[in-house]
């Protein structure tokens, strides 16, 4: 149970309702996800977060599906049940096949293990990887 | 400083040295990364981990570069300095442009924030996302 | 479902029951939270933890409400559903307004993102911040 | 060593340099922290992040110092060395006494332990804390 | 609800069913845990993971029960509800007394706190602990 | 560099110095680890933490070495460089062989991976593991 109420359109204030409307328009759906209805208790934050989602998830040098895959990977590493469910659904809607999902998760599992090896043994970074590319 | 010595080829036992040789052959380089030299204190684990890296990172439904992007994202979420450095280098070597890196990291930053919103407010998953696809 | 039973007053041993009584007295309530009833399977740990809660949460250089805000922030970062629920309730009981809660969570969300920026890009600490204050 | 170069004013593009100038103006200092110089490799993200920092950290229902304390707490929980250093310095500059810092950290240590108790024993939330306040 | 279906023996493909059979044979039970039925959506990963479980959890320099205790500790630190439940059951089946469980969890709680002290205060490692044992 | 000074015996106040003396007496060494010298900025917390370390780490249903192994495992999962170094040294001093260390870390790596599988796929706990033992 959320720590704040999930606001219906009627309960939300005008600033929040405008975000709900934009979500429906951008996504071509009548459904507004629970995270937005929860965040509507803070309309300024709702608006700022939705603006960032639109900015960051738009296709560019990476396509929209690759961005969803990365989102799932981060959500798994951060143990976010909510985002795992919603972004797996979003990725499938954008064309993620079950074979792609399997391979994505394999990388998540492997990195989770090798991250722990490097951390657990406190391996120092090889000198050759310490120089950033020229500015 | 690592908790175990980074073994040179001469110090490593034959099982570990065989893995070093395979790493050099597969990657077309003379350099064996520190994580493998540290893990050589446990040759059986070294062999098992390297076998998994080859299995999981081979291109399939996802290409090799996408897999590196996911690896970087998980390493950032897990706060693994070692893997961030080595996999960023690997991804650049496989064709990750700086524009791609920028967009990758934007998704990592955004997901880190929205994961925390969903967790911080304890938002329950929408009913529609709770049903898995048919078996 | 907890990994150990939540002990009732009748099931708890005398050392644990004494802690339950002190919790009720200190908090002016008949309710003993589930975490204490679970921890009662280890009365020595229960007593030690409750003693620390009383020591640390008492008002001092920081007031009691500020301490609850910090508790919520840490619980959000650690993904602790139990503590998020109980400490949000505690903070509200101590006077946290909904406006305060909104601003608290905004800082949690922002820090979650900038922490990930600093970690994800492996930014080194500016030299000026490396010197501690004089002993 | 950062994964991207820390850009000087001369190296930064105009959009990034404008953010640097605003940071200096808002903070009344000549110093621009390394995180901003690193983030300047992505001027759009730099601008978005700085805008959020200004929005979220402005005093409101919580004063500026309380917000810094929360920032430190989250940074400790997330293991962010960079933000621990910079925000501890910022909090001290805004009036955090050493006594306040001690009490802040005590709460961080305590919450880190009780979070782990609740998680480790898988304690279920008391029914009374599951109802959110009315919308 | 899992993101993939939990496959029954009839739904699983032959490679996955062979792993199910081996699990039943090795563990002397008719029950195959949900994690294996979920992982059966990726038979190659299922097989690789089960092989690693058998390799790593076999008694050697550490006995089987000590390995289960370590597993519980890591699962608590990683906030994995699933593994906490299954490995606590496994440890009890292998002889973990309730007194052992209490002491195990006390160490988990203590380490969670002292880890946060060392991280929160950014304590540098004593020079004497930085030298690894000779190779 | 720590956020607080590492206090020498001369700089520490009497309460902190008494803890230093007790550490030296209990451990039979002249060396006081940096974490205690950092924590000496808060003598009350120093005393409380040291008391807990003595209480929790004393041999009981689990022997002292097993407790150190668990400590290392938690420190690896929490990414605590300081505690990894100090507790690996402590475990070796208490008789941890390199073979034991190898097997310990294998379990840490494996659990890190299977934790992520269970979380990543959002596997629900088998009904049979949800009932706690009778109170």
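Labels A, B, C, D, E and F are assigned to the chains in the order they are written; within every chain, residues are numbered from 1.
We adopt the following convention: a contact is a pair of C-beta atoms (placed from the backbone, for glycine too) under 8 Å apart; a residue touches a chain by one contact, two chains touch by 3 or more.
Computed from a prediction, not measured in an experiment: that's the story for all the values here.
The chains in contact with chain B as well as with chain E are A, C, D, F. Of all chains, the one whose Cα centroid sits at the greatest distance from that of chain D is E. By residue number, the contact pairs of B-E overlap by more than half with those of exactly one pair in E-F, C-F or D-E, and this pair is C-F. Measuring from the averaged C-alpha position of chain B to that of chain F gives a distance of 27 Å. For the pair chain C and chain D, the distance between C-alpha centroids works out to 19 Å.
The distance from the centre of chain B to the centre of chain C, with each centre set as the mean of the Cα atoms, comes to 34 Å. Multi-chain contact residues of chain C, defined as those touching 2 or more other chains: 1-4, 6, 49, 52, 76-81, 84-85, 88, 98, 102, 105-106, 108-110, 112-113, 115-117, 119-122, 130, 133.
Because contacts link each chain to all the remaining chains, their graph is best described as complete. Residues 79, 84-85, 88, 98, 101-102, 105-106, 109 of chain C touch chain A in their complex. Residues of chain A that touch chain F in their complex: 76-77, 79, 81, 84-85, 105, 108-110, 112-113, 115-117, 119-122. Interface residues of chain D facing chain B in the complex, by the touch rule stated above, are 3-4, 41-42, 45, 49, 78-80.
Chain contact summary for the complex, chain A toward chain B: residues 1-4, 6, 31, 33-35, 38-39, 49, 52-53, 56-57, 60-62, 66-67, 69-71, 73-83, 85-86, 88-89, 92, 97-100, 102-104, 106-126, 128-130, 133.
Note for the complex: chain F touches chain C at residues 1-8, 11, 44, 48, 52, 55, 130-135.
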